[in-house]
Every structure is written in C-alpha cells, then in structure tokens.
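Lettered A, B, C and D in written order, each chain numbered from 1.
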Amino acid sequence: MSGNSFGKLFTVTTFGESHGPAIGCVIDGCPPGLALSEADIQPELDRRRPGTSRHVTQRQEPDAVQILSGVYEGVTTGTPIALLIRNEDQRSKDYGNIADSFRPGHADYTYWHKYGVRDPRGGGRSSARLTAPVVGAAAIAKKWLKEQYGTEFAGCMRQLGDIDVPFQDFAHVPSNPFFAATADADLIERMETYMDELRKAGDSIGARIDVVARNVPVGLGQPIYDKLDADIAYAMMGINAVKGVEIGAGFASVAQRGSEHGDELTLQGFGSNHAGGVLGGISTGQDITVSIAIKPTSSIRTPRQSIDRAGQPVTVETFGRHDPCVGIRATPIAEAMLALVLIDHALMHRAQCGDVHVATPDIARLGK
Amino acid sequence: MSGNSFGKLFTVTTFGESHGPAIGCVIDGCPPGLALSEADIQPELDRRRPGTSRHVTQRQEPDAVQILSGVYEGVTTGTPIALLIRNEDQRSKDYGNIADSFRPGHADYTYWHKYGVRDPRGGGRSSARLTAPVVGAAAIAKKWLKEQYGTEFAGCMRQLGDIDVPFQDFAHVPSNPFFAATADADLIERMETYMDELRKAGDSIGARIDVVARNVPVGLGQPIYDKLDADIAYAMMGINAVKGVEIGAGFASVAQRGSEHGDELTLQGFGSNHAGGVLGGISTGQDITVSIAIKPTSSIRTPRQSIDRAGQPVTVETFGRHDPCVGIRATPIAEAMLALVLIDHALMHRAQCGDVHVATPDIARLGK
Amino acid sequence: MSGNSFGKLFTVTTFGESHGPAIGCVIDGCPPGLALSEADIQPELDRRRPGTSRHVTQRQEPDAVQILSGVYEGVTTGTPIALLIRNEDQRSKDYGNIADSFRPGHADYTYWHKYGVRDPRGGGRSSARLTAPVVGAAAIAKKWLKEQYGTEFAGCMRQLGDIDVPFQDFAHVPSNPFFAATADADLIERMETYMDELRKAGDSIGARIDVVARNVPVGLGQPIYDKLDADIAYAMMGINAVKGVEIGAGFASVAQRGSEHGDELTLQGFGSNHAGGVLGGISTGQDITVSIAIKPTSSIRTPRQSIDRAGQPVTVETFGRHDPCVGIRATPIAEAMLALVLIDHALMHRAQCGDVHVATPDIARLGK
Amino acid sequence: MSGNSFGKLFTVTTFGESHGPAIGCVIDGCPPGLALSEADIQPELDRRRPGTSRHVTQRQEPDAVQILSGVYEGVTTGTPIALLIRNEDQRSKDYGNIADSFRPGHADYTYWHKYGVRDPRGGGRSSARLTAPVVGAAAIAKKWLKEQYGTEFAGCMRQLGDIDVPFQDFAHVPSNPFFAATADADLIERMETYMDELRKAGDSIGARIDVVARNVPVGLGQPIYDKLDADIAYAMMGINAVKGVEIGAGFASVAQRGSEHGDELTLQGFGSNHAGGVLGGISTGQDITVSIAIKPTSSIRTPRQSIDRAGQPVTVETFGRHDPCVGIRATPIAEAMLALVLIDHALMHRAQCGDVHVATPDIARLGK
C-alpha cells in the first residue's frame, strides 16, 4: 500500500537506501518446490552490477546476495524468501554539497517536499541502486516461469541519444558494452566515442530499451484495470528515469488503419504482432513486446540553476560517481520488471481459472 | 484483486457488460461531507456519451446515472457510493455472426482463451462502454480535488491518424467535434473529410490524446513502485485501445541531454516542464502532462483473415455500430483516469504525512 | 481498502443503506463456468429475510435479488457479478426522534464522530440489513465450493440469553423458529415464552451461534497472518453485534492440557477435533467449527440515559421495528461469512500450490 | 496477499524460520519524522524474549535487533524500515525425530499437506519465534501512537489452566513471572508449583490473556468489514495457539439484556464499557478491551498416537526446548498486535477524514 511492494500474489517488498548498511527484499508468494540457491540469483545481479565498464558508474559493489529464509534443503517452501545485499562502497561525503540544494530533474526536490526529511546520500531511497533487489527477486520469477511454461526474456538497447541502434540478434547482447543486440564494430565504436565525449562534457543522455517475453501462456491478464499491458506500463514507468512506455506498435499505432493494425490469425498463427502480445488486456500467446524511454541522468557536472532548502537561488554541479546514461544498465532491470508482472498474472490466472493454458504452436506462434 | 477495481483508497469497482441490463460502479473511500447529486456527475457522462456526431458510434444511450447509496441529504456520508446506468439501446443480434469467430485485434480471442466462455454482445465486458461508470466516478473525484486544492483537468486530441492537430487553447475543446483544442476551420474540415472517407472505406484509425492536471499539490506519489507516474501509466494503458503512454517529454527525452532535460528551478518557479510534473515518482507541483496513443478500432467492415472457435479459417467482417476512431471520445476518459489516480494519491499522502502541501506559487508555478 | 469489500480473490463489495433506494454488491473473482441464476441465490436470502415470525423485526421486505452482470446464458463469465436488492418497506419517519441523540450500545455515536455526518434512517449503513447482499454473494460461493469439493455449511443457535440449546440434529434447523438444531417442543415453547416476555418488556437479549463447514480441503490458509482461523475470526467479528469468536475448543482450551487438546491421528482419521479443523492457520480437512457470541440489540423501548449531538443529556427510547434478538436471524449470515472465507482461501491456495488437495477420508475424516 | 504481511497502511512483512540464519521484517508506511533507534525497539523484544525463567523455553536468544533502513540521522524518513534479528541458538538436531511424523495439534501436518515440503527445524515458519519481528515493529507503532494521541497499551495473564488470576494492577506485571497483574505471593507460588508439576509430567497447559489500549481516538475503524473489532479479532486469532477472542463483554454478552449491555452516556462519559471500546466497528474513545484464549503447546514429552508422512501409525514424543505454556510470553505479543491494528486504522482514518479526533474527556472518558 505504501508503495514499496510490487505484485499481488508474487509480492516483492524492497528496503534500503543507496548508502545505508544493506538493501534487500522479501518475496512473498513464491510457489513451493522450486529448486533455488544463491547461484540462481547472482548471475542476474552481475548483469546489472555497476563498475563493469568506463561508461557506467565507477562505484564498486560486489552485490553478493544472501538468501535469509524461505528455502530448505535447496527447495522453496512457500514461505517468504528474504534476500540481503550489503552495501560495500559508500562514499557519502561526495554528497555533502547537495544535501541542501535540489538537483534539476532529481527526486531530491519531491522527497523533501513530501516527507520533510530525506537521506541525501546517493539519492537515498530514490537511487537506481534499489533496482538490485528487484533483479534478484525476478531471477526467481524467471526460473519458475521457465520451468512452468518455457517463458524466456530478452532485451536490448535500441537508441542511445540520437543514435539509432538496429536490432541484429539477442545473441550479441551479453558481449555488447551497451546491451545492444548488435555486433556492428563501427556502430559500437561510434557509441563509445559518443559516451566518452558526453563524459568529458560532464553531461548525460537518454536511451530507448526494448524487452521481449517469449513463450507466454495465453490468457494472462485481468479485464478492465489490472490488464496485463496496464501492469506492464506500471512496472516500466516505475523504473527510475523512465518517461514513456509502448506495447507492440505503441505510438506508431496512431497512424495505422484498423485493417493494418489488427493482427490476422491463420492456422499457422498470427500474421503479425502489432498488439505486442496483448489484446483486451489479456495475453494472446504471441511475444510480449515492450519499448521504454529513459531520460538522461540528472546528476551531472554541468552547472545548473536551482534553489536550496531555504528557497535561495544556487548553482548546482554534481560530482561523485554517476551513470552518464542510466539506460545502459536498464536492460536487465526492464526484463526483471516484465518477469515480475508475468509471474503475478500467471498465479492470478491459476487462482481464477485453474491451470494456465499454454497456446498450441499452430495458433499462437508469433510470425512477427 | 481480480482486476475490476481501480484505486486503493478511493476505490472504484465497476460491473456490467455492453448489452446486459445495466452497468455501474461502487466507489468506496469517498471522503464524507462532499455536496453531491446526480447533477454533478451527468455532465461528465454526457461528454463521453455515444451518438453525438456522425464520427462516433450511432448507439443511442442517454447514460442517465442514478446514485443508489452513500449520499444523505445531498452530502456524501463516507460510505460506498453506488452509481447505476441502465443500458437502453442494445442490438444484440448484430453480434450473432461474430459469436464464433475472432476479430483480428480484438479481445474476443483472449477472453475466450482465458475464461472458456464469453459474452459476445457488443464486446461484453471488454467494451469501451464500460468507461462510462469510471467517468461517473471521476466526476466525484474531480469535484473533491477542485474543492480541496483547486486541481483542474483538461485534455484534447493532438493527432488523428497522420494528421497533426496543433494545440491552440483548451477553450476550443467543448465545441470541437474531435475534442481538439483548435478553432481552425480548415483543419476541422480536413479531419471531418478524413473521417468520412474512413467510414465509407469501412476502416478505422488511431489517435493521440494529451491530458493535463493543473494545481496539483506537491508530494503526491510513493517511492519505488506506486510512483505517481507509474500509476498514471497503469491507468492510461488500461483504457481500451491504448498502446503507449508518455509523461512530460516522454520518448523525446531519449535524445535529450541532462543539461537540457532537467528542469531548472528559480525563485519564479520551474523554468520548463520536461518532467511532466513528476520527479522520482512524486509530484513537483508543476502541471502533470500525459500523452497517450490509441490504436484503431478492431471492429471494421473490411474483410480480414481469422480463425473460429473450432480452429477453422474464416473471413471476418464486423457490422453493427462502432466508433471508427475510439480516440475521438477518449479525452474525457483519459481525464477521468488521471483524476482517479490523483485523488487516490492525495488520500494516501494524507494518511502518511498528514495535510497535503500545496506548492507556493513562487516555487512550483509551471513556466511551461 | 475502505472497509466495504470482503475477500481478496473472491471479493464482495457491498453498498447501500437500510432506507436508501437499494442495497447490493459486486462480486469480483467468481470463477467462470459456474451455472448460475437468481434461483440459486434467492433461497439463501429467504432464510435471512425479516418478517417471518413474531420474534423478529416486522419489516416486510421481499429481498428479491436481481443479477445485473457477470452471467451469460446461465453461466458465470469470470467478470463481476452485480446483485441488486431494492428496499421496499422503509418507514424513515420512525427514526426522526433518534436523529439527534445516540442510542446506548449503537453505532450512532461512532459514525457521527467518525464522519461528522450520518444517515439515521434504520441505522443507515450500520444496519444488519446490509448482511443481505453478503448472504446473496455467499450463495454463489457455497454453490462453487459444493461443486468443487463437496463442501457444505450448517449452523444453529446454541444459546438464547441464559437458555442453553442442546444440539440434536441440523435437520431440525429449517423448521425451528430460532434456527436451533432441536425438535424438543418443551424447549421451543420455553424459548418462545422467553422472547414474548422480552418483547413485552421492551428489552432485547443475546445469543450464541455455532457454524460448521464439512468436506473442507486440506491446506487452505496462509502462514503467519492470513491464517484461515484469523480470517474466520475477522469475518465473524465483523457481523453486526458479534462480541466473541471461538474456533474448535475455543476458551475451553485454556484449561486443557496438551495431552488432551492435541487431536491424535490414526489410520481412521483424527480422534477428536479440538482444533476446529485448523492447525497453524491451515485447514486439516476436519470440520471447521466456529462459535460466536451476539450481543443484545441496542434499539430497545426501555428508557436509557444518553447525550445528544449538542452534548446535552437525554433519555432515549427507541421505537420502530427491531429484532429483539438479532441472534435469531444470524445463522445464515454466519454460514455466509464462513463460505466467503473458504472460497477466498481455496482460490488463493490454487494460485500458490495448484490444485487443492481434498483430504482422503481415511486420514481427515472427522471423528468428533 | 500471501499471508506474510500485516496491515494496509502500516504494513509489516515478516520473514524467516525458527532455525534459519535470521528473522526480521520490513515495515512500510511508517510516517516520516519519528525519532527512532534500536533503543526504542529492544526493550519490547526483551519482554518477549525466551530463556528468562524456568517456566519458558530454555533457548538462549539475545534477539538483538538491527535497523537496516528507513532511518536517517535518528529520524524515520517515510521509507521502509527493515529490522534484522539473527538466530543464534539453533539446535536443529533436536528435530530429527519429528521430521517425518506429525505432532498432534501441531502445524506440522497442515504445512506438509499445503506445501508438499516443510522446514521441520523448530517448527520452521510456524514457530512462535516469528512473533519477535512483529513485537519489534509494534514498538515503533506504539511510540508513534503515544506521541500522537497518548495511546498506551497494557496486558496481563488472567487464567493459567484452571487457575483464575484476579486483576490487581498493571504495575505488578513487569515483575510477575507470568505477566499477571498481581502481587499476591500465595497465588504466584501456586502458579509456579502448577507449572513445575506440568513440566515434570511432560505436559502443557493453556492460558487466557487480557489486553487493553487506553487513550484511543474516537472514530477509528471502517464500516461493514474492516471494522476495528474485526481487525482486532483477525490480529489476535492469528497469534500462534489462539483459539478464542472476545471484545468487551464477549461471550458474557449472550446472557445480557439490551438494557444492561448498552453503555449509557452521561456528561461524565460512558457509564460502563461492555462494548470494549467499539460500537458498529468504530472506536468510541473508551478503552479497547480484548481477551484471548491460548491453547496448550502441542510439543510435549507425553507419548501420543499419530501417523507419519508415509501414512503409518507412530507414537510421537517431542523433546527439545519448548514453552510448556505459550500463554506466559503471549502478553507482549497481544499488545503488539493491538498496536499494529490501531496505527493502521489511525492512518486510514487520516486518509479518509483528515485529522483524527481525540475524544474530549467529558464525553469519552471510560468509567469502567
């Protein structure tokens, strides 16, 4: 209710601040009987981890996860799973100069107005560091969905500032420094140069990320409000710095005619996927396709006009360690949110309608 | 939990199908002491009502609302307010030919797969007719927000298919047949011709709608998940046919630098509003600005390939009465959803932090 | 959230006041595919209906229920089921004299303090009349539970004031004027005389009711908080006038030793049922046994000291039509609440653990 | 939703098992600005702590609490507060012999049937040890309620097996080995002898506990379902081993007449408190009075008949360290649950109706 829990049946409640002793989460509702250990979770955390290239924040965090509960003899018991991640590399002194002033475009201003008190160290609760426990929780969701339905997730960067990044193959993502689905060396060099110049300029930039879920059962989603796409939009817009969300054709559907947009069905499956895998708020069995817009980081070295807590004008320059493009590390986070939405709807569907239908390949196979 | 309630503290639970005896809702959590009668609600329903021009469905529904509970001697009592709207103009026979086949792009397919049973008359529960009770409930929310904080809502069409519709003034919206904020007679004629040709062609088209809330208190929204913008995205993506949502700069923020995107603060207020009135998921006191993409109607007369319930190929042509552009009547609906999100967060903020702060004009005045 | 919805997955939201135009509810989460018509619901409403003997309120209400949504061609569709019951026999003028003063023991006082406004006609929202929609909703829950698991409900009065009412057989309940499980003519006459004297004296009396659910699946209930017995206690204590709830041995367990209380298991099933069918908050497969204490009606003709809204002392005598023992009609209501708790937990269990286990007779058969 | 969270606006989500590495909770919704450190929480944990006398379990746990988040510079920030308590004194080998059989009266049986897997060490998740994090969370709730409204909590044992324990004064509770409100040395000696004999016999016994909240604001509670007394019943019945709950006169109200039960109001306040501080589900401003029945511990050395996981008959004797009367340490737990209910309703009331009314002494002063 107070905004720190995600999901209704697979519920993840997170806690912690960027520079407190620890961050973590409690997962309530994980089905019993799933084989689980830290080794299932750590790789996903490692994908999101800071400090892995010169294009992201240089904060060094091992992000080593510990399971505190809910697993007995290597199997989930159906009771809450608590994950704990210690914060290791705090440099709180970096934030002394911003404790009293508000960074343009930052949650500083709103947290202070809302609560009358805030933890300024590294953004406190509003830090993107708080996506780590979510990525950990989603690793469990992904494992369960994979075992139950064969559901798989993938994502990639599709735009970096004004550089379009064509999609080649998801296989390129793990070795690409920007989570882009490309092996185009020229393009990668252009992106690296672009980021190097930005960093030198003390500025930041936005990005667009696509995520996809494959082998999604038909029939997930609720009518009217808790539609699958509505919950996906909620999940994605809740990621730090996201300003836009599209499902399927997204804003391009504005200029489409009905005779073009509506995906025809044949005995070989759907003829297209403008719907992005959702019709009437319920999954069709096609791939779920989502696109998100991520704004540029607000913590930049470029001097900006602002005010302080006393209401006086100030010039703000933010030093410390910040991602010049938070979009770079956003791909595993967006996948994680999508996985959390899907497991929640899968469990809800099971409550209401019994076993989840998995679409037969001849009907629901995406021919995108 | 099962997807037919919206909001946590001002909770609207709707019921009904397009061609059942009645539709309506129960509003739980309306604060006591608000003067209220049907006359406060009916005008908003009339804005959304079908049959008002040749560009929308010709179904004739008075949409007369009756308050069944929760009001005593003209004042809300704090107990549930039930709204009832009778369906008057059903022509269920129009739907006989689609009861067994699936319209491309329609919820037909997913409802049948999810529930194993569906009401095909007029889309049943998935009909956009079900936005009527929500618009009714939101009329109450709007009245309360206006009285408490002076909050006001406005919206308009900004794109019809490939026609861009420039914003002139919200004052033009009530007399514009498309809810566009323009009095440009040439443009209006062009839009009317465009719609007439579509209708003749038996096809449909998408639209983009902008909505704005003004005089929003600072501090509404929850950290991490129930962010104000996340809940707005959820609300908007849940409207029938919506495929994309933007807050503030939206997808344009991808190509912005941090030094451009972050809205500077001065003693005269914010210097811009790329944030769309939300930072870190919490309202800044600036205007909340939202943009949504609405796909073309799936019920069209153009023949399309599909399958039927037996899995056999069929050609589907949909007759009956349908909006050729559901976006035309979407503006009051989008305003309604925004109002429901804001009242919910206003009540939540009051729970957590006591009285809501209203931003002083010199700090939070939008200089958009 | 605001207290007018019951249940998480089979959610009943009620609306209405004792003397408004109508009362009713919306049921969200009923599984699809259940055959349903008004004829399944009306008999349960008739059991609870007022005006059926001289020992209950003389208000004449047919309590005819209408299904407004959620059923198509005689089968539930999985979408919300709205039930509407018109109020027919209001005599609001009876309440003129109590609009400004507070009846001792009545919700008058607290509603006025909470909301600053209240509907005094017949107790408004706090009237026991509002149990009618719940009984209607529970008729649907009972039907589903019976079809799925063979679950059945029964209840009876066990104490009327200081008269103990021994249990003979549930078969006697339908023809007993007090919902007592006895055919003892002397006892019934004694109860009738007792009630006649009370009525003449202008006073009221309490009662104790037992309810039982049989053929309950093993494994329903959540650990720690949403225990099955915790939710039953919540459901029962929420019934108008209830002041105490026991599960199984209840308060008698205080003086029991562990070697007596713990129900032994044999190959023929449990040897006793002190647990009342719940261990660790989860159903054992034994009968669920519940006992509730109902206080005497607060609306009595006997003059009592009180204050009025201006804070002045007054003497209150309540005329109008009131049950001298609200416990008499409480049995179908208590059964209804138990059914609503069980269906909610059955659906929740299905979400978490897949199909519900039904206890094999040789292990879980109650040997009470 | 999955049963491990308590409260809607002040939400406590617990995790952990009796013999895992740690137990703890996340508190979401604590208002910002409350001065808070471990020193505010530890004393309540120490009251509940095992190993403090020969009459309780000899497990030695320091129960040292650590705050991991939500507090900055000694003040709550409005973000989640995580509490961590390490388990220090596990002796899991004590449980080897019960891993495959079911103790009569224990959650062993139901957890195994529900989940198909269970952690047998010390009862796993069903252990009363899991009340520790709740007591910690409630310490925060108590502090806030005390500062806002002066609300205070007290509780005491009123019955130990068949020994009635008269109430003298709450001042005696801290030094009484049974949390009884008495300084009667003869009675205390009788209770100690009673417990010594039980322990020698390898048996256990039940208890009755009373708890009271004083200086409760008028108007807390929701109509119809989330009544204050319904939520109290839910909270109390959810405590391990509780089988009965009474509010105010409880089961005694069955034999009361309306002219006796209804508490008269005078200019000096209520003339009695049979209501237990709640009318129509909403607080009156009188003391909230609650009584609970606690069953005897199921883990006893006395041999009992049962079955094992293979369905074979076995004789079960439970060794290891167990409270022979779990009621002895239940008083701080019952107070904690009552505090959690009240803070939740106080925040909810603030959401709906603005500032909470504190009853003026001349009207709501309890004359119990």
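The definition used in the following text is that a residue touches a chain if its C-beta (ideal position, glycine included) is under 8 Å from a C-beta of that chain, and two chains touch if they have at least 3 such contacts.
Note that the structure is a prediction, hence the values are computed from the model and not measured.
Shared contact partners of chain A and chain D comprise B, C. Put simply, the chain farthest from chain C by mean CA position is A.
One simple way to say how far apart two chains are is to compare their mean CA positions; for chain B and chain D this gives 46 Å.
Here the CA centre of chain B is 39 Å from the CA centre of chain C. Distance between chain A and chain B, defined via averaged C-alpha coordinates, is recorded as 26 Å. Among the residues of chain A, those touching two or more other chains are numbered 1-5, 8-9, 14, 29, 32, 78-79, 114-116, 125, 223, 348, 352-353.
Residues of chain A that touch chain B in their complex: 1-6, 8, 14, 102-111, 113-116, 125-126, 130, 159, 161-162, 198, 203-208, 218-227, 229-238, 240, 243-267, 271, 274-276, 278-285, 293-300, 302, 304-307, 311, 313, 327, 348-349, 352-353, 357, 359, 363. On the side of chain B, the complex with chain D involves touching residues 1, 9, 29, 31-32, 78-79, 223, 347-348, 350-355. Those residues of chain A that touch chain D in the shared complex are 1-5, 8-9, 11, 13-17, 20-24, 26, 28-29, 32-33, 66, 68-70, 72, 75-82, 84, 114-119, 124-125.
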